[in-house]
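The chains carry the letters A, B and C, assigned in the order they are written, with residues numbered from 1 in each.
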Amino acid sequence: MGTCPKQTGAGLTSSTLLLLLVAITVTGFFLGRRRAVALAGAGGGIRSLHSLPGHYGLFAAIWAGIPAVLMIFLWQSLESSVVTDLVIRDLPAEIRSLPDARVGLFMNDVKNLVAGNIISDELTPEIRQAADHLERLTLLSGWARTILAAALAGLGLVLAWRLIRPELRARNRVESVVKGFLIACSTIAIFTTVGIVFSVLFESARFFKSVPITEFLFGLEWSPQIAIRADQVGSSGAFGAVPLFAGTMLIALIAMLVAAPIGLMTAVYLAEYAPRQFRSVAKPLLEILAGIPTVVYGFFAALVVAPEIRGLGESLGLSVASESALAAGLVMGIMIIPFVSSLSDDVINAVPQAMRDGALALGATKSETVKQVVFPAALPGIVGGLLLAVSRAIGETMIVVMAAGLAANLTANPLEAVTTVTVQIVTLLVGDQEFDSPKTLAAFALGLILFVFTLALNAIALRVVKKYREQYE
Amino acid sequence: MNKIGDPGAAGRPISADQAMARVNASLRKRYGAERRFRVYGIASVTVGLAFLALMMISIVGKGYSAFQQTYVDLDIYFDPEVIDPDGLRDQESLMRANYNTLIKDSLLFLFPEASGRRDRRALGALISNSAAFDLQDMVITDPLLIGQTRRVSVLASADADMLNKGKISRTVPESERRVSDQQIAWLETLRDRGRFEKRFNTSFFTHGDSRDPELSGIWGATKGSFYMLLITLALSFPVGIGAAIYLEEFAPKNPVTDFIEININNLAAVPSIVFGLLGLGVFLNFFSMPRSAPMVGGLVLTLMTLPTIIISARASLKSVPPSIREAALGMGASQMQSTFHHVLPLAMPGMLTGTIIGMARALGETAPLLMIGMVAFIVDIPQGLFDPSTALPVQIYLWADAPERAFVERTSAAIMVLLGFLVLMNLSAIILRKRYERRW
Amino acid sequence: MEANPMTQDIRPEITPEPPAPREAASAAMSEARSAEVPDTTFGVIEHPDPIINCRDVNVFYGDKQAVFDVNLDIGRHQVISMIGPSGCGKSTFLRCLNRMNDTIDIARVTGTIELDGQNIYDPKIDVVPLRARVGMVFQKPNPFPKSIYDNVAYGPRIHGLAKDKVELDEIVRTSLERAGLLGEVKDRLDQPGTGLSGGQQQRLCIARAIAVSPDVILMDEPCSALDPIATAKIEDLIDELRENYTICIVTHSMQQAARVSQRTAYFHLGYLVEVGETDKIFTNPTHKLTEDYITGRFG
């Protein structure tokens, strides 16, 4: 499909059009600069200009390029939905009166026909007609877009040309546009948060319409697979998420039992005891652990660790599930070690040396100094770091998807298979989705819980860590 | 000895002699604790390092063999009766011919005892399905081959390959393995006659995914990952640096700025799968962008890496001393000029380092891509930003789930390639930092 | 130096370098100045009743030498002050006396320092009891982020000095009393030590040092972070403590040295230039550098 010329239809393809605009913009720069120099030449040379000639060039380029590019993006984002709406509006009445989902399927066929793909239904005249209509509209839209963009660019250029005078504060204008861009960049973080909240909240609200929120939060049974059809929900589908929460907590607990002591002791050993050469080798090596993609850990957990644990358990006469919580938790714990140790390292180093000197000068041994002076002083920071680690363990996906179970199981036995929130999100959303079924929407509700919970943990942790840093600044 | 607090202790809490005696008495126990503490530390470091070593050894041990693939030398008789019974020699009939028969005939010639249908099928299963296409290509490029016998090296099937690499254990009961005793016997005969040959596995680096392990490769996934990183880099680098510049150099201290900062810090710690939900809810459902497209993957990864890049870019801006800014402003430069002419160039190495590390994280990220349909089975190599494709880590996930024994070595090999890329990226970040790091 | 059998390297993992000859001590020092530094210390380095004898003490930080061939006896139950311009090595030398320099990776000490006749840099010597005998008070008050009680009780607890809670209470009480702090804090012993004023914090640190019953207390500019009133209190305290403890104090203030100490040692660029009775040093210094310093010509 390339850069999908089929969708942009006729006119110029997006990339050609953008290239054209770039050309106009560059021309604008040179024209603007020339005009500024020419105007200045008439009245006292370049010094009579308010800004450098280049600024006038940029001023013209901005007028030529930015409105047109903005227009194209707006057009692009609205085009497909507007065109689809127009096609639907002109469909025969008997098709329009079908339920929304059916109309959607029909339109999919229409689009597939236009794109030259195989369509699911047989080719009816209605589809053919609608496809022709769609093609016509797309063609029209493509040309309109091209012409409009070129016109906007040209218009902008002319306007800038007329605005350029020696006393024009071109630099300030250009700088305020740049500043506008910088501000826009920094607000993306807000939009991302809004986007997350919007996408999970909206779908979750729909989910909670069919499944009461109390049942979701406190129900003890989770079997979304039963609810195949929308009208079955509530009677037979079970969306009690408590087993998932419990499973998540169990695995996170195992992970933290591994990562917290090992990470902390690693940080202490490397910061306070290790000879310099050893530290310079061991520290980057341990940081490699943090850089390994989680899918690799998942593979290792499923292929090596889980069978080993199972074998070990069986030799001790224990029955161990092949996807035991222990295996997933153990590997996740190893993954989090460098995270805990680097955060602890930060906070331990933030404890002033004077504090250590005070203890050492009294004759405390190194371990006494660490245990009785450094740890208590660093405690808030360490707690904050551990909270961040917990939030990471809860949100970790690939290790549990690959090494933990799929079936909800309310148990505290680490040798059994449990499932987690993230595993369920993945299984509900990967593969063929029945759109709008509670099964799909449940994934968003789980996502909402996950987001809110980790957000709360992070907020607390970041606050604790910040307070702690301020204490020693 | 003096009594505690006795003025006779010369105004001391306790006398010096008494103190020393007690200190010395305590030493043994305390040094024991000291030793234990140190041992815990060493043990912790060892656990981490040992796990790393174990993981690397096991992955390399499982994966290195995938870089070689088994080929079988067969004497193929290009039978005119099979290829072109009508003697037309035109393109179409050459295309249509059943080249599998040639391979089977050649094998039957070697093993005449395999006569039944089942035996013949079992025999044919030793050779990859792609071998017939290779023969077809040979004949089409050189029709004169018809009627001749040539020794041709054809790709062995995954099962034969596994056996040749010693990865199928004969101790397992026959019913529980994919290769029957009969097939093993045949393969061993082939091997003993020197018909087996291991070659460098180029198709692993040039093919897309496939149901047949011996034909599957990582090129499609690598290209998908490349496209995604391209988008991520093109968007997150300018936007991240723009945001960092604004927040560090221009932003007034007000509630809006605070809110942005809180957002950035929190987003940096939001689980990656939530970004996948964002991609599904906003990009796919709301903006109806195509599923499985690197474009959408790139957008999601951009949003995910932006906070990291912003935070590291701010740190490197912060490390530029204020005196530089004052010097520029003192010359009459505008704040914008001071930032872009002086501060930004000085902060650039740090920003680049942070960006490379962010890119490395994005390259290894899997979970959000599962949400936006990049997990589909895709054979074709993606040719553009909107073609359905998968990514390297997702390919690893898919293969790790595949039941065939032969996919294990390919998964491990793909992991080795992925880790290779990550090492390269991190190494360049380290070199960049070492070379351009400036201490003020 | 090499010929001295007593010389030993206490940090063998760092390859010992031949000590720089005195003339080429440091390029940074102007030649005129280094020419003024005497070959041997002026004044009387010996003391009739020494508790510490230092011989040929050199301190290196990596390649740089910070202290050169210091020979000095420190008298029992006396206050000796060490003065000199910034960077003259007096604090570095002080930190050698209870081996606090061990905490700095690159620091290396050669020569001998004997505490009651035993070389504290002997490999057999254990720093834990050594530091219990030679306590230290630092430039900036550094109470632990614990309660006042726990701050003072920390030393006795780790060293097992008290047999029970009653004894520990008694030690804490006596130490705070000796440090002149008991009256101010006796009703709030359970409150954090970091909540006290700077002067109180420093007296708390002194109480903490006293609580392990040391023989020697090292004080590294203990008043430099304090206001004059708090400083006066600490100075009074030092004077009282002299009765039971040997005190080595590094100070920037010549008035302070004159007020609290019986002997004074003047350091310059890492060399011990002159040492003697405080009265003599301040009224009739022998060496030109000492005279320049106390008359305020530099420093």
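Definition applied: a contact is a pair of C-beta atoms (placed from the backbone, for glycine too) under 8 Å apart; a residue touches a chain by one contact, two chains touch by 3 or more.
Because the structure is a prediction, the values reported are computed rather than measured.
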| item | value |
| --- | --- |
| Interface with the most contact pairs, given as the two chains involved | A-B |
| Chain separated most widely from chain B, comparing mean CA positions | C |
| Interchain centroid distance [CA atoms averaged], chain A/chain B, Å | 19 |
| Distance between chain centroids, defined by C-alpha means - chain A, chain C (Å) | 58 |
| Inter-chain centre distance, chain B versus chain C - centres from mean C-alpha coordinates, in Å | 59 |
| Per-residue multi-chain contacts in chain B, two or more chains | 23, 30 |
| Chain A residues counted as touching two or more neighbouring chains | 363, 365, 368 |
| Per-residue multi-chain contacts in chain C, two or more chains | 128-129, 132, 158-159, 212 |
| Complex interface listing, chain A residues touching chain B | 1-4, 77, 80-81, 171, 175, 178-179, 181-190, 192-193, 195-196, 198-200, 202-203, 261-266, 268-270, 273-274, 282, 285-286, 288-289, 291-300, 302-304, 334, 337-338, 341, 363, 365-368, 370-371, 388, 391-392, 394-398, 401-402, 422, 425-426, 429-430, 443-444, 447, 450-451, 454-455, 458-459, 461-462 |
| Residue numbers on chain B that touch chain C, as the complex places them | 4-5, 10-16, 18-20, 22-27, 30 |
| Of all residues in chain C, those that touch chain A in their complex | 13, 98, 100, 103, 105, 127-132, 135-136, 138, 140, 142-146, 154-155, 158-159, 205, 208-209, 212, 218 |
| Interface residues, chain C side, partner chain B - complex | 126, 128-129, 132-133, 156, 158-162, 167, 170-171, 173-175, 178, 210-215, 243-244 |
| Contact footprint of chain C on chain A as seen in their complex | 275-276, 352-365, 368, 372-373, 376-377 |
